[in-house]
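Chain lettering (A, B, C and D) follows the sequence in which the chains are written, and residue indices restart at 1 in each chain.
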């Protein structure tokens, strides 16, 4: 078995419209090695979320019109829906974007995790199940008792940790993280990202992190892909891209990053000398 | 020279249940405007009390203790004309540049309504003349903007129209509540530059409320760090950002990823939870440097300072410049 | 106002292509035409008792037959359909107007007024309308169509109040309402110029619902014998038919036509309300 | 569920009872003339010696104490109503209003509750399936027909059903609730009761189905757009589990709230259905009361209708927090 976990080639997703098709992605191709951290950046509408949804086969209204998706050596595009369902979270899991609303408000956290086991044919005794879910929650830094809570009793950061715990419940070889921290404050964002990185390394999964914040990518991923209007315009090691961006769009993304650089300050004329 | 909007020693307490209360702001003092028109950045995460502060400053929420004064008079006790003047002269720009437009009307409505309601023009034509001039001032072409529905404009354009709306009223003070957080990255600095220009060229004072330390650092004369309804640190941006003194400020700055991949961000060490930085006992703001104050446990016998005093000291240390007069 | 025109045009364009709207309006138009064109062909004075021979089945002479009281049933239908519609629309319009006002004020101002209005609305909603109508109608003997409409309207404002209030509560938090305050508009200007235009579709859907509910309540009173005794409304016709045992006497022509016309009327109003709902709720729109 | 919540619901219940009593008290006084005039006129119009007529008039006078100040009259009326003393019936004399109503009430409650539960459950299921992308085609074919049928109100539907299934085909009885008044329960008795209740229940179910289906469809479409549904799908859960546990479970919450509101209308509707089927419940009692202008009985029926529905709503409201954990439990 080779070390390649995922190989996406020539992925094109189109949304049929009244007048012609809208292409959400065109000929997107990249691959991931075991345990690799891959980042996809781009602004809204660039096709990065579509790529993830296509991988999960959860496009609503869109269809993969060409290309191939190969996960652990198996071609995904030819699988039937039931096979695909079993593969979700078992081989490829998702950490969603809207952590605030991604948990069912009327079910206890534990029950929502338990459903994953139940529907993937894994059965435990009552106390064994409780222990397993408790362990899972401790791995993301939550108390085991959290399984008896309802989502509205948790903070945003805690909810996102629950989602991360779910994503590693079945030890998949690939985790897809769709802007997992975009709704969080910066301190919580760093906590959640650190947790995500730690559990990903623990189970040895590869990860695709989607986002629009280049700075966040810079510190989390090893390989970076830049998407622009449905196309993957640049892929490479993250440091190389930062040092030597090939595309104007990439350069713009890097240059527009806010920084604490003194040069970036707007200073009222005349005030500068007096203050230095 | 502009009028002074001043909060002193204000608490805001919300009644949640019969005997449950929540204090959204604790003993907050701020001063905006006055002799030296300034930009004050209030930095806070969610739950810091930012939105309560905005409501307080706009006179939409009375303080439970302390006072909010405009041009020397208590805002809650302004007479009819005073109230109107306050409404007109203290304007705001909000985060979401879409929901501030009534989808039922063209953007003209958002510009014409305030001008007419405050009786600033005598006729529609005069109103349009004034609107067109103001749109140009914020870098928009009137012919490409007027007559459109809000959804026909880009996010950046919509936010600029909102700035124009505020400007039309000859404001003394503008409260900008996260004005760039929903604008595409490429347009952020344009918007910030316009806001900065209002201060530099027109002498309008601004309060820039944001969660983003970097843009706060870019535009502000003073940074105020708000957390859990307490002001924890206040000072000159260079000092606060590059030499933070309160542990919360430090943790906040460390949590911001640097745009340089080579600079270590230390993702292995999870930062403590923000609630760990909430004060456990009575606190007061104390000067650590002439132009900076930090929240420390209350020292009996020593009078604490206020954020407003630090703000005014920072502005007083600035050389004065000649402002163009507003229209 | 340009924008009002534009929005109205957009609404009409959407509704004009909605099959439910077309079907509903077509049925309603047909029923209206009965009342408008019918009198040209049939003498509606024969809707009065003892004007024709009793108990005649439909024939070339009496198209819909006659009843036991000697009424020409075709004339009864022609005279009665507009009466039923008039009662429903009158009660619906009054009820909705009151309901929309209360909903706007309650939602916008909040505080004590809101608490009182909401409590009354919620309480009234759970009371069986028939119970109150009964007590009132049985005490106020000899009602006419207008009075019935007024009594029913007093019980048909709650739904509008509730939906409009919920909508206003959501709208009030939106930036543009805040902006309007900062733009120097007073509360009444904000309610009527900024908020009201955005609840028009819901108010319309409410109006249709209230009209339908009013006809329903009216029919309820009529079949219990509390309706206008001297007006040949559709509900009263059904009442007379049942009172004189038309069912067991096999006189289907007596009760059949009013029942069918009432059923069509309710279906038409349902289709229209449902189309308006689709328009007011974009999520439903994209589904259908 | 806080004590405040319980208190508010209880207060609402008593507010409804108070309102119903007050209307019963005030409205007859708004009509021209002395309130006893109606009774006397009624007795006279019968043109015959009604047994105990004098008793009735005395009873009326005593109950209202018409010479006392209004406030005293009101207080007495309120007190009497609350201990369910609603006077004596004219048409069923010497039976009291309360005992006449209590004899009829079980029929109505049984008919109404069973058919409302069926309409609610079945309608909600149909509505949920209508919004669900993977539901069978038959549902989408059948549903519009059912919706249109439901637009026809209870009473008209009852007449149509009665004509088609009882008069025309003769499959079901023309009316009534039993062939012989049941003395105890046995299988044939229950069968007879069900046989008679079928058509009235069918009318109520058919008329209510569309309302619940429409409400559920709307709620379901909202739920289907929620993030937690997307995550449920991503987790690899089976369609069945997603449908019942994640979608329908949540979409039911607004339906239960709507049930509380719709009960009043449903009760009114079923009263009329009883009239159509001569079903010996409250509706039928009311019809007789109206035909004999038995004002005490009319008011009593109205009062009981209001109380019963208000009580059902109170129970629903108090049970609701069990369904929605976001409302805190005691």
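Simple rule for what comes next: contacts are C-beta pairs under 8 Å (C-beta built on N, C-alpha and C of every residue); 3 or more make two chains touch, one makes a residue touch a chain.
Fair warning: this is a prediction, and the values are worked out from it, not measured in the lab.
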Handout entry: chain C and chain A - chains in contact with each
Key = B, D
Handout entry: Interface with more contacting C-beta pairs, comparing C-D to B-C
Key = C-D
Practice task
Could you please state the distance in Å, as a whole number, between where the Cα atoms of chain B are centred and where those of chain D are centred?
Solution key: 57
Practice task
Could you please state the distance in Å, as a whole number, between where the Cα atoms of chain C are centred and where those of chain D are centred?
Solution key: 22
Exercise for the section: Please work out the Cα centroid separation of chain A and chain D, and write it as a whole number of Å. Expected result: 52
Handout entry: For chain B, residues that touch 2 or more chains besides their own
Key = none
Fill in the blank from the handout: Flagged in chain C as touching 2+ other chains are none
Practice task
Can you tell me which residues of chain A touch two or more of the remaining chains?
Solution key: none
Practice task
Please name which positions on chain B make contact with chain C in the complex.
Solution key: 58, 60, 84, 87-88, 91-92, 94, 96, 98-106, 109-110, 113-114, 117-118, 165
Handout entry: List of chain C residues in touch with chain B within their complex
Key = 2-4, 7, 174-176, 178-185, 189, 194, 197-198
Practice task
Quick one: which bits of chain B touch chain A in the complex? Just the residue numbers, please.
Solution key: 45-46, 184-186, 188-189, 192-193, 196, 199-200, 211-215, 217-219, 236-238, 241-242, 251-253, 255-262, 265, 267-271, 273-274, 317-319, 321
Problem - Residues of chain A defined as touching chain B within the complex - result: 43, 141, 157, 185-191, 193-195, 197, 212-216, 218-220, 238-239, 242, 252-254, 256-260, 262, 264-266, 268-271, 274-275
Exercise for the section: Provide the residue numbers of chain A that touch chain D in the complex, in ascending order. Expected result: 56, 58, 85-90, 93-94, 96-98, 100-107, 115-116, 118-120, 150, 152, 163, 166
